[in-house]
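Labels run A, B, C and D following the written order; every chain starts at residue 1.
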């Protein structure tokens, strides 16, 4: 027996106070297995101890929300007896250590969260943030992460339809890999994790358990011998082929009425899944570790409980249905083992070789996990940068070319062409636009999906940045014609023990909350990733927002491409030329400063609802929201997507042209329509600012006398940057 | 027409091709699990795309030894039409129904995008609805589409008018710029000697619905249905 | 009994992976790499105790599954 | 000079490919295959003539590119 010394306790990341709580709960010293269980259950990753207090403040309700945060994923009603189930999750640290396997297992994990609830996954998205393009590790990380995401999603046969990818030196030592999965289920066939019914069998399915991913900190403890390094890789290897079989087998079993509760094994494997199932259902569990399928010999209870082997699930079955279930899993050539039974003791009892090797009360452990009110300091507001403080460039055309070929704007085709984005035969809007749109199989409905965040805004002002991230997701869905319904989030921050970082977190949460409320765009699931810091250098605060919306009929969907010559181009929303924290200021002037553009949520809502109605009524087929790089970049993107030029008349607003073209004022859209005058009149009636700024046609993008660039040249610059970086 | 789609562990375009067949046939094909040793009488057998056995070892290698493949080979030899798409093409080469192999893409990356294809022969059940020399647009989505065969085999294929499709630019040039994966002589699809087996890397089923962005794949399925109209 | 199998591409068959590795080594600054060929190395653990029988079985495995003899050679190495 | 490199998964690391091959061999009727691990076998042709220097160079290549030392081991074999 390993003695529980202060060093062992510390190696498990438990504080003295936490250990005292353990002693109080147990009324005795824990053994090593029990200590390991406490340590993973109470880790930041599983317990959300630093963030819980603030997450509770997020708006999570709307009439269409079926299930908000608290389950494996969030669920919304999309009509006709169908539900959309989705969530985003981070795999930042593993992807930095081993980009390919880190990214694959990230995708595998989020997929399981979705199908464990009864949904067939229909789309994957990913939000990626890398360090500076010229940092020595960046190319290796980009190529490994992208190949890993592709490797898993492609093999599973689930289209990866969208995401984002940006570069900034603050991620040099901490890249972000956030994976999102969206699934569809019948509302009558949703599965939850609450285990009920003493005497019901607990069943393990999927892959065998090996010594994968047993925590780094715990590796130091005394029980392990010299070759532990060799035996216990902290990096897991993904097996998408097995996951595909697990997916099909689970969905097949879900057609029967065998399953009472089901839960994937993700972080902290068997430990987390059994405790969550038991705690959610208010039961006890007896787990026979001899019945856990094992890939290696001589595994200890500690190792089995903490292993993070992938592609495993745990289920509670209706008694007497074991053989039906076994037949299905055997058909799919997967492990199937009745490994335990539910009890009414409220305790988790682990046995091995006929002996009790662990005995813990479930509720105190799962529910009484620590919750901290970490000190935080409000983030200082970045000063406002006035238009006059940004000098006019010599050559506006050159500026546009620079922006279009900048890491932030440059085409990410090199990435999404490695993803199978068409499999399943319902991708009606492929990557490259505002939101991806996937038809709900066998119906006319479409799901519009996007992932967004502008970290430089969050850095300058977490509150406005948090608002903006939500608003931009809402706008992207709107621009495709979708009605935005709900979001998932992935909160990526530095060390929460630092009041400054905690202040960024609080600011972002508050900003997000305000936007969610104003836009009726609640949070239904999410994930928190703290400690994204190397040598005291934190990343820019990055609350990735994954948004989902619905189109009633995919026939009335808009895309960003100009379609025909001679259409009027209408700018919707108010333009003030806000340049603080803009891409222009950073890229052209090298200045990372200034307050970000304020988000007027009432205007956001009014303008967006107006545009969405036009699309729904079939009046608008071409629509793009304005974001990084403002009007100039949006125009260029619409030209490049359609291979059609545009002539913009210039403007009469009194703003310097560079502020008009590259300011990043929010709540704006560009649309192309046959009858722009009628549209503007309509906008006036609705109280929405709108102005005709030009007309489509020709081979060049021309702005007054100041700029005229062939669309083909823009395309070359836009498409060229990433392949060149990666060559 | 009566059709069957073979489903292997890891197949993932089985539903896509079922939808395309159903659209052309007006009814669903039989879905046949790889462990079966027999299947109903059919006019067409489709070996679909995906990652059978995860593409582990070599793509298509393990699926080629699935129990059902004996039956597929038997039927093919008896003249039943067999269509292998993407992973299906790889499986048919591993099973010996088609010559050559599909190696790792020259760029070593998975590629998913629309490509141009020049129809090299209209003389087959599968390509009859197209014109020889016509350029069509199909999507590709593969890691291992780099067709390789020895000189003698290539010559036999060419002499026998057995190359069904080559990668081509929109104006029909079959040069290196139009070749996405390094395939020898831009080969995208080939026929067996008897012309009843077609293997191709691109996915006709992915562009058989205008909402997905095109319909160049649809004539292949409509043509098969017409050919087998009772 | 442990059996090692090497599966290599026949000479004359182009090796995209080897070529890519060679290219990558060059761009990492390794000079003088004149050729790279990449193959597979498979270790089998067999219940069979008789070396001759093991070789025979593994030879069949190679022909049927482990190698594609259109493009690959294989070599079997029975551990002593 | 020819150098052979074997790259294998560290023990304990899941080998999905080996697992699938083992399974496939069993369904092909090969009994008694108790384990399969799949690795890479790389042959390098170097301009370098000095074995010690060659080994050193290849060791660096393995660490930097050929092997993923987080999950893989490598072995270098300099042909006589």
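The rule is short, and it goes like this: a residue touches a chain if its C-beta (ideal position, glycine included) is under 8 Å from a C-beta of that chain, and two chains touch if they have at least 3 such contacts.
A quick note: this is a predicted structure, and the numbers were derived from the prediction, not measured.
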| item | value |
| --- | --- |
| Which of A-D and A-B has more C-beta contact pairs | A-B |
| Computed distance of Cα centres, chain D from chain A, in Å | 36 |
| Distance between chain centroids, defined by C-alpha means - chain B, chain C (Å) | 29 |
| Chain centre separation (chain A, chain C; CA means) in Å | 41 |
| Sites on chain D at which at least two other chains make contact | 16, 20-21, 24, 28, 38 |
| Two or more partner chains touched - positions in chain A | 239, 241-242, 333 |
| Shared-contact residues (touching 2 or more other chains) in chain B | 53-54, 56-57, 62, 65 |
| Set of all touching chain pairs, with the criterion as stated earlier | A-B, A-D, B-C, B-D, C-D |
| Of chain D, residues touching chain A in the complex | 9-16, 19-20, 23, 68, 70-71 |
| Residue numbers on chain B that touch chain C, as the complex places them | 57-58, 61-62, 65, 94, 99-101, 103-106, 108, 146, 148-150, 182 |
| Touch list for chain A against partner chain B, complex | 147, 150-151, 154-157, 239-242, 244-245, 332-333, 416-428, 430, 439, 554-555 |
| Sites on chain A touched by chain D in the complex | 97-98, 100-101, 207, 210-212, 230-233, 235-239, 241-242, 295-296, 309-310, 333 |
| Interface residues, chain C side, partner chain D - complex | 6-8, 18, 21, 24-25, 28, 30-48, 57, 60-61, 64-66 |
